[in-house]
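Going by the order they are written in, the chains are A, B and C; count residues from 1 in each one.
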Amino acid sequence: MDKNSKIENPAEPLIFERSSAGRVGVEPPCLDVPDIDDASFPQGLLRSDIEGFPEIGEPETVRHFTRLSQLNFGVDTGFYPLGSCTMKYNPKINETTAALAGFAGLHPYQDESLSQGALELISELEEYLVEITGMDAVTLQPAAGAQGELCGMLMIAEYFKEKGETRKKVLIPDTAHGTNPATCHLAGFDVVRVQTGQGGVITPACVEGLMDEDVAALMLTNPNTLGLFEENIKEIADIIHAKGGIVYCDGANLNAVMGLMKLGDMGIDVVQLNLHKTFSTPHGGGGPGSGPLAVKGILEPYLPVPRVVKKGDKYSLDYNKGKSIGRLKAFYGHFSIMVRAYTYIRRMGPVGLRSVSELAILNANYIKERLREDFHLPYDRTCMHECVLSDKFQNEYDVTTLDMAKRLIDYGYHPPTIYFPLIVHGAMMIEPTETEDLLTIDSFIDAMRSIAREARETPALVKGAPYSTKTSRVDETRAARTPILRWIEQ
Amino acid sequence: MDFPQDLKYTKEHEWVKEEGGSVVIGVTDYAQDSLGDIVYVELPSEGADVTKDEPFGVVESVKAVSDLYSPVSGTVLEVNDSIVDSPEVINDEPYGDAWMLKIELAEPSELDGLLSVEEYKNYIEEES
Amino acid sequence: MSILGQPYLPHTSEEIEHICKTIGVKSVEELLQVFPEELRLTGALDLPGGLSEQEVLGLLTELASKNTSQNDISSFLGAGAYNHYIPAAVGNITSRSEFITSYTPYQPEISQGTLQGIFEYQSLICQLTAMDVANASLYDGASAMAEAALMARRVTRRGKVLVSSAVHPEYRETTATYLKGTDESPVEVGYCANSGVTLFEEVEKNFDDDTACLVVQYPNFFGGIEDIQALAELVHSKKGLLVVVVSEGLSMGALRPAGELGADIVVGEAQSFGSPLSYGGPYLGFMGVRQKHLRQMPGRVAGQTLDTNGRRSYCLTMATREQHIRRERATSNICTNQGVVALTCAIYLTLLGKGGLMRLARLNMAKAAFLKEQLAKVAGIKIAFTAPNFNEFVIKLETDPKVFLKALLEKDIAGGLDLGRFYPELKKHILVVATEMNSRAEMEAYAAAAAELLKT
């Protein structure tokens, strides 16, 4: 194409800019009852306008949002090795089952006799998760992983309160997700940092040194965010338990151990799961998720209400509070996400679920092995479902992890998680998941090696990336210095 | 990186300039460089009391937050509001226009414990 | 291992062999030696065996058929979850996998669709609430209220949270749970037995120097429209904040926005904007705040900026408030929020547009007014409260509502919510809603059936 014939593609207008006063969108049905009499309401109660609200109509609305979708990259677009996020393929059958009228059309307060199928599904999903984690009971109420964490930490607080103990501290490894310390603070605890040992895992000696009768819990992620299995977990759990503490596990990385091990056998007392990671429900550009919490018997009385109970062949909701911490949201949780996860588990079965973890581990180790010459490996050991590299070699050419992440976009891949965990300078955390075949993974490896070569030979090329996207590198500093957080009529 | 001779420094990467019974403070070139583009600053109001080694404010870049620790104890005489409006000045002129507070010293002897420019340079080298 | 034929696992045995060889192990089992032996499972999980896609659809269809959808009966149930019509275009756009299968937009260059969608959603929420800034979403109305109470405590540096008992009971319980990490429990103020709105005098009496905020619902749980302006003036005179909760988002299309009436934080539930009932979730918590409190606002926020070519673009911003940067000092622990539900809301609102939304809201008011009038004529039913309503109101029977509601259900009518389960003093009361989904004939049939049942 002649360069001059290229037309500059303008930025997609905002819906507010596409609006024309008086244009009508989707119309409500005709009024089959008398209209309200404005005069019968106190003055100033009714609204006369919604300033700036869009008036577009259906055809242009559909086009606008369709074009927006085309500016996005999803798992269905390509390989998405975002570490710690488990961006596996989202089976389409999940969407079909969640949309069944007998699920999507249920009101949370409708008579229980009209919701027996829904309650049965919740009850069975709880049982499946009990089996997978090796715990004693599960609540599906938490809306996402962070709310599951809050649920667990509040239950731990309640447990000690009941025992008449005032433990204020929670031990958290320095590789933890930010939600862990934020949750502990929200639940009223103080955070004590556990330093990761030489091998990339926490050591019993370190935990021993920090553990005392003021520590309520150890909150760890296993496998941890370096993609390594905390091999001393049993011994560490014993240290915590010996002084009366609780072991909390962030289950974000369950995809590495499903069917291979049970968290309950490791001495873990409470774990939150992320249905939107391990159990294939889509991430939706940041949600909705679902963060069920699984606990051992000692914590069961503190689970949020209502609980689903089965009497004979009838299911019902039990609101009896007892020692429960109460509730974390209205109603019972993200039900349509539960339907998707239930569908996935029934589809996979026990053999399938175990294979998931095996292949997730295989894929990650393969990537690690094939990239070891081109990228620095801060912890050179067998990894779990993800591996962590760094930009140490590329820093020599003034190329950073951020540059390489952006360059990867040009090769057609979503970048890995970058600059996390915090203890690895310039971290790139790669989680391929089990749903990627060898060809995809080999092509990704080729792209990474090619970028490593570009970093050596033509660093400026990498630093200017991405080139292939409609939007070039975005000025995040400008966004933060003078925040523009909404459209305002000029 | 630039570290003026006539200033004193702290391990929290602040600089201190003596002006009679009061001091002017800010953050060092090293601090602004490690934070990256600074997007937000929070400073105390005039008349507030600050305590040595206690946080008195916050600087933020896009992806990091740092507490500002007071190098001395005393009362805030003046606040540089212009850097609150234009935090990028801290990146451009850490020792000049980006001064943060003028503080009336409560304990002038605290100045003796601050680092000289050589001591500070050595400290940074050890750190990195 | 026998992975061949397992769903969504594309590896062939040759590929697995190749991978193992490259890693330097003979088999997967060898690789798994990194796990301590005593922890490794020897047997399979005790779960039902895997099913084909066709079988799993059959199974789930059967489970779904044990339920009754609200659209298969005449339903007058609301109370925080509303049955509204969802235009066809909503599902059509939100099911696009570029939206559904992407993650939180941490890489703005390939997430402009999600980011611009959030920016538009934030702008729409600001317009609806008449507030300065909105976040990218919170889990639901209940947790949004809890976050608002915590935010008010940070802004005012005061501890006590005053909550009207005419706020949704499950929202109040949620706030109580979220406050467990502090030394405070929410303090409740009562409602007027006659009008059904928050008692002004009780607020005045209980709002002291340590009170951070008053939380009221608008319209409240009984459907009554609170006097937000008067409450705002009172609360501001005591240097506290007024938090307004909206559980029926559609009401914002008809009622003066809380931001115009002096609210300091407006939160609520936007399920009404395009999300199915789905047995209670996922729904959509929204939050609008004043510019001056922006840095205390929890949750993600998208901002407008430029790319290196000077084109308008968007990214997540002000992240230093959030858990992944500020860790234990973050404004909240929220990470994953309601992503595609917020996008759904933006699409729904854009499709209806100003005219459509305002007309729909007004239509809901007219339907409820009609139903209220019909039920008021039934012997044995009284309208419980005098305050004006949006689309919900409370009726009072002379008998036990359980028997009444059960009998209605046999005629395929879900007559409303028995309030006795939440309010011991309202043992004969039922909360009723009417929306555009209820035809005149349906409402007349409800009144007729009620008259028949309550005949003495």
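Going forward, a contact is a pair of C-beta atoms (placed from the backbone, for glycine too) under 8 Å apart; a residue touches a chain by one contact, two chains touch by 3 or more.
Being a predicted model, the structure only gives us computed values, none of them experimental.
*Asks:* Just to be sure I understand: the centre of a chain is the mean of its C-alpha atoms, right? Then which chain's centre is nearest the mean of all of them?
*Replies:* Centre-most chain by C-alpha means: A.
*Asks:* Counting C-beta pairs in contact, which chain pair ranks first?
*Replies:* So the pair of chains linked by the most contacts is A-C.
*Asks:* From the C-alpha centre of chain B to that of chain C, how far is it in Å?
*Replies:* From the centre of chain B to the centre of chain C is 45 Å.
*Asks:* Please report how many Å separate the Cα centroid of chain A from that of chain C, as a whole number.
*Replies:* Computed value for the inter-centroid distance: 19 Å.
*Asks:* Find the geometric centre of each of chain A and chain B from their Cα atoms only, then give the gap between the two centres in Å, rounded to an integer.
*Replies:* About 39 Å separates the centre of chain A from that of chain B.
*Asks:* Scan chain B for residues touching two or more other chains and write them down.
*Replies:* Residues 40, 60, 62-63 of chain B each touch two or more of the other chains.
*Asks:* What parts of chain C, by residue number, touch at least two of the other chains?
*Replies:* 317, 319-320, 325-326, 329
*Asks:* Mind pulling the residue numbers of chain A that touch at least two other chains?
*Replies:* 476, 480
*Asks:* Taking the complex as given, what residues does chain B use to touch chain A?
*Replies:* Checking each residue of chain B against chain A gives 37, 39-40, 60-63, 87-88.
*Asks:* Provide the residue numbers of chain C that touch chain B in the complex, in ascending order.
*Replies:* 317, 319-320, 325-326, 329
*Asks:* Would you mind writing out the residues of chain B in touch with chain C in their complex?
*Replies:* It comes out as residues 40, 60, 62-65.
*Asks:* Sort out for me which residues of chain A touch chain B in the complex.
*Replies:* Where chain A meets chain B, its residues are 419, 476-477, 480-481.
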